[in-house]
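Read the structure below first, then the notes.
We just call them A, B, C, D, E and F in the order they show up, numbering each chain from 1.
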Amino acid sequence: MGRQAYMLVIVTEKLLLKQVAKVIDAAGATGYTVAAAGGKGSRNVRSSGQPSVGDSFSNIKIEVLTPTKEMATMIANKVAAEFFEDYSGIAYVCNAEVLFAHKF
Amino acid sequence: MGRQAYMLVIVTEKLLLKQVAKVIDAAGATGYTVAAAGGKGSRNVRSSGQPSVGDSFSNIKIEVLTPTKEMATMIANKVAAEFFEDYSGIAYVCNAEVLFAHKF
Amino acid sequence: MGRQAYMLVIVTEKLLLKQVAKVIDAAGATGYTVAAAGGKGSRNVRSSGQPSVGDSFSNIKIEVLTPTKEMATMIANKVAAEFFEDYSGIAYVCNAEVLFAHKF
Amino acid sequence: MTFLSEFGALFLDKLQSPTLGFLIGGMVVAAVNSRLQIPEAVYKFIVFMLLIKVGLSGGIAIRNTENLVEMLLPALFATLTGIAIVFIGRYSLGLLPKVKMMDAIATAGLFGAVSGSTLAAALTLLDSEEMFYEPWAAALYPFMDIPALVTAIVLASIYATKQRQAAEARLNQGEYFDDQQPPQPQNTRIKIWPIIQDSLQGSALSALLLGLGLGILTDPTSVYDNFFNPAFRGLLSILMLVMGMEAAARLGELRKVGQWYAIYAFIAPLLHGFIAFGFGMIAHQITGFSYGGVVILAVIAASSSDISGPPTLRAGIPKANPSAYIGSSTAVGTPVALALGIPLYIGLAQTLMDMAG
Amino acid sequence: MTFLSEFGALFLDKLQSPTLGFLIGGMVVAAVNSRLQIPEAVYKFIVFMLLIKVGLSGGIAIRNTENLVEMLLPALFATLTGIAIVFIGRYSLGLLPKVKMMDAIATAGLFGAVSGSTLAAALTLLDSEEMFYEPWAAALYPFMDIPALVTAIVLASIYATKQRQAAEARLNQGEYFDDQQPPQPQNTRIKIWPIIQDSLQGSALSALLLGLGLGILTDPTSVYDNFFNPAFRGLLSILMLVMGMEAAARLGELRKVGQWYAIYAFIAPLLHGFIAFGFGMIAHQITGFSYGGVVILAVIAASSSDISGPPTLRAGIPKANPSAYIGSSTAVGTPVALALGIPLYIGLAQTLMDMAG
Amino acid sequence: MTFLSEFGALFLDKLQSPTLGFLIGGMVVAAVNSRLQIPEAVYKFIVFMLLIKVGLSGGIAIRNTENLVEMLLPALFATLTGIAIVFIGRYSLGLLPKVKMMDAIATAGLFGAVSGSTLAAALTLLDSEEMFYEPWAAALYPFMDIPALVTAIVLASIYATKQRQAAEARLNQGEYFDDQQPPQPQNTRIKIWPIIQDSLQGSALSALLLGLGLGILTDPTSVYDNFFNPAFRGLLSILMLVMGMEAAARLGELRKVGQWYAIYAFIAPLLHGFIAFGFGMIAHQITGFSYGGVVILAVIAASSSDISGPPTLRAGIPKANPSAYIGSSTAVGTPVALALGIPLYIGLAQTLMDMAG
């Protein structure tokens, strides 16, 4: 009933939020959702620079619903090329069906 | 091995948490999970009314696992009809397989 | 284009983070992502012991991308067996496609 | 014209208070895109501390001496002012071109409601000017805040109903589209008590009333003198910083909703303050309401709600665009009330006092 | 009966402290569903400030004069009380109908453990009553807290093992179901040191011990006098507000787990306090332990842990329902200890002092 | 050798300050795996409070008397020191085996940049020693901080370009792989203004400059005296606690990146402080820069940035491993600057003062 879509998920360092958002906007996505996240990955030997004694997460998780898989992979490609050499991060995509959106 | 299920995701304004939760309960879902989220969408010209200088997110992301797609779409329909004309929000659904739950 | 993967999601009590992380590491997963979450489930009659007047969530949501479904179910099995009798929690799995990861 | 010259001097003098310095400092900080942040937990706690202190000091004073009957007339005037502000907004801002009625009503509601921080800033200045005011004067807050919010929500609901009826009338003359149900006649009698309750449950009013209750019923003088009172000015200065940062951050939003809002937001606080000042002077003549009390009445009229008002309106007038009312209030209305309103009314009151003898 | 009448007067007098006002104010705020919140970050920080202050003041005093040998007997009594409380709970609450043994043991453990906030409230009242107490008296905290938690976890483990063995015995007499493995005999010797370690690592005890250490080893008098001490009462009043809010919010949970918990939670704090008061008076006779010290011993017995206890028990007795023990302690036990216990023991001690001369 | 013996006595005396006690207390707390936490919101607010206070006190003093021309020479020396520190690091640490040049440059940048908390600790000690310093001395902060960060980012960029060119040269001699494009000659002229802007927008520097501006332009004396100043020492002690906890928590990270970083992090702060001390003494001879000012210059050189520096470097030198520079600075560099550096430079200055008569 809804519209077939792809949910691209990018987990990366907090610092990159604004720059990743720019890539997403440029790709023509209608929006994105961000949440604070922590995590462990291969780069975890690297410090995030956040105070470790504090109680906050140092990653962000960005979710973008895209109408085509091409748009999702394009965003992921650009983000990976620009940032993932130097910063920690992961990108994956799931199938989804958008039931309601103000614009999609 | 697990049980086929549908994961309905609703991202909307914080203010609506209680009311959306009521819709979910009324639909007979066994539970839901909530997280703080930020985001950008078509309505973003609208302020959420949260202090923007603060460091907090003004959206919530609600996830509901439902046994049937009908239940998921019913919840989404009700929430969209009641709130999405006046409040920002998006609803989508993914396939999932519940491996363990105290009640599902 | 990416690599087929499974996203295992575990929502459970904050208290268990370290122990669940150990199970995940032991299973050979390359990493995991954690976020604060609230929620309602069948066990909700049980208090989480967090101050309820505060504004924080008392659950955590852990996401693990695994290359095989076996690994996902194995982690879920272990976590459920060790903890879900006494603590509240749910585990489900979705299909995903990993587009970029430093190690997967 | 000694009146004007004396008033001018007093007004300029008030403009140099450090409180204003922090407000403007906050604007500058946000304008240069600094990453300086006051964490939300700290901000919320500071608001709590200020409002419970205002409540406590009122409560302690009431407990000790007061004849609360004196409060009746000013409270009545506060209520009238709160209601009047909303009607004024609805029939001025609301009728302007490109302004949606719903947005106008919500904006007027927010300007009718009261800001605890602006009230706190006024009390600080009154104290340092050593102007007397009735200790219960701060308790006028809810008497203006709640009627304004209720009036706005009721007016919006009436307007929505009329719109719907007009639409129905039009539809009934035409035909229905295939897949469209005829609109159900909705019998939405608006309930007023839940709106009042929601206002009272808001964090700002709760803190104020809690302090008032504790001040009247227990004897918190020692903890007040050693903790709540000494921290007051310092915390207020930090809150002013936050409000300055907010104001600058919201300017963009205000720009999007159009210039009429900016004009309204500049004029309305001063006008509302003068209306209340007038009412206050009537009470002064009749019951001897103090000049300081008159200033407080004027300031709560000039202020617009920053904490409890927005969510109440978001829920109560869901069709109104929050960018319109929050932008107007935060980016222009509050700075005007703080920077111009407070010095204005104090200067005016002092001039009148001097002339009166 | 001059004893009773004098005690009655003193008790009533203590009931009017502003600390209690904030506690009850918090209950009212939560009961009327106010959205007032003290942010969690602020709450955690206040707890830290109170406990490090208690530690510092003890440490500074110890550094200056104390003969710590005096502490041995009260510390022993604290330990005995902590252990006794758990056994009392296991053999009273635990045997009641509809009460699960695991829940009862965990509840008794929490009531045996100590609340830093209740201790802080008692110290404030002792100070304003100008009752002398040994500066190391607050350091009795861990001597009761840790043994109570350890005892509860050990008792729970023993009970679980017995249950398992009984089940096995029953099974061995019958036959196995097809798909069911015979239960493995689990050799779970419970380790005590990790429980002690976990308690010491808790945020409340860490802050107290940190303050104690800093007070003994460095000379923080100036920062203590200018910062930690002056803020104490004010921060405590805010903490009391939070505890009142918590109590009202948890009432529903308590209701769900049944009335026996409510009855236990009302009686137990007072009973535990009297037991410790008795032990304290013995120490008073033998080593001259002060009346103020006796009150402190009674209060830490009456109090139940609010910060470190719950997570320790959640991990240590996973089968116990946290709603049972947290509901009992927060909704009833802590308000009773604060509102009745503290005035009771101080009044009693003052009466005894007066009679003694 | 009266110089050495006098200096030794003064140095030992400074080592016993309570500030250090809290630093070491924090290390112990983290080392024993305590769950004690200072919430991040509180930590951020404390940093804000300390830096705005440092700014305000400087601003107020400048407003009242100062001849800012005196500041020119020390400001120049601060800038020179900041730049020199980065070059020293690049040509010492950077050339050591197993140390990556990028990591070394970033580490040197962080050690060249300034820590507001270390500065605040030094000011406290100077005040309690009643050593005079120019009120604008704290304003030397950005004159060292920004040049150090800019130099580090520029050096890193130059190094990266050279590396790329070398790689290209090698490639041009050989052949291309099939699927590999010849690398595009990148014309990346590094822009300096955005780095400066980014530094100024950081929360630490913003707070300092905001305080300075408010102090110079408005008259915040009353709020300074009643709020910002009295809280200073207490808040500083809590910040020291956090820094101690951080240091212990980062030790593991430092261990992973190798021992050279530990050695650099131990020696560099003291060395940098001596270099700046020398420059300061030159200014003392030429323009009469005070001994207290010399100490401040030395301390900001010895300190390494803990708040604004790391994110600036993470963005500016993305190829550098943050564990290397943050580990070095937080786990060793900052404790050394606080515990050894400050007492050292104050002791030295006092000895020189005594000898000078």
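Everything below uses one rule, namely that contacts are C-beta pairs under 8 Å (C-beta built on N, C-alpha and C of every residue); 3 or more make two chains touch, one makes a residue touch a chain.
These numbers come from a predicted model, not from an experiment.
Asks: What is the shortest path, in steps, from subunit A to subunit F when you may only step between chains that touch?
Replies: The fewest touching-chain steps linking subunit A to subunit F number 1.
Asks: Taking contact as defined at the start, I'd like the list of chains shared as neighbours by subunit C and subunit E.
Replies: none
Asks: Looking at B-D and A-B, which one has the bigger number of contacting C-beta pairs?
Replies: The comparison resolves to A-B.
Asks: Compared with subunit B, which chain's mean CA position is the farthest off?
Replies: F
Asks: I'd like to verify one number: the distance from the centre of subunit C to the centre of subunit F, where each centre is the average of its C-alpha atoms, in whole angstrom.
Replies: Inter-chain centre distance comes to 40 Å.
Asks: Counting in whole Å, what is the centre-to-centre distance of subunit A and subunit C, each centre being its mean C-alpha position?
Replies: One centre to the other, that is 19 Å.
Asks: Cα centroid separation between subunit D and subunit F, in whole Å?
Replies: 44
Asks: Which positions in subunit B are in touch with at least two other chains?
Replies: Each of 35-36, 94-95 in subunit B touches at least two other chains.
Asks: Specify, in ascending order, the residues of subunit F that touch 2 or more different other chains.
Replies: Residues 37-42, 231.
Asks: For this structure, enumerate the chain pairs that meet the touch criterion.
Replies: So the chains that touch one another pair up as A-B, A-C, A-F, B-C, B-D, C-E, D-E, D-F, E-F.
Asks: Which of the residues in subunit B end up touching subunit D in this complex?
Replies: Where subunit B meets subunit D, its residues are 13, 15, 45-49, 51-56, 86-87.
Asks: What part of subunit E is in contact with subunit C in the complex they form?
Replies: Where subunit E meets subunit C, its residues are 30, 37-40, 43, 242, 245-246, 249-250, 253, 256, 310-311, 314-315, 318-319, 321-323, 326-327.
Asks: Please give the residue numbers of subunit A that touch subunit B in the complex, ascending.
Replies: Contact set of subunit A toward subunit B: 1-2, 5, 7, 21, 30-36, 65, 94-104.
Asks: Would you pull the subunit A residues touching subunit C in the complex into a rising list?
Replies: Of all residues in subunit A, those touching subunit C are 8-9, 11, 35-44, 57, 59, 61, 72-73, 76-77, 79-80, 84, 88-95.
Asks: Please name which positions on subunit E make contact with subunit F in the complex.
Replies: Those residues of subunit E that touch subunit F are 39-42, 44-45, 48, 200-203, 206-207, 210, 213-214, 217-220, 222-223, 226-228, 231.
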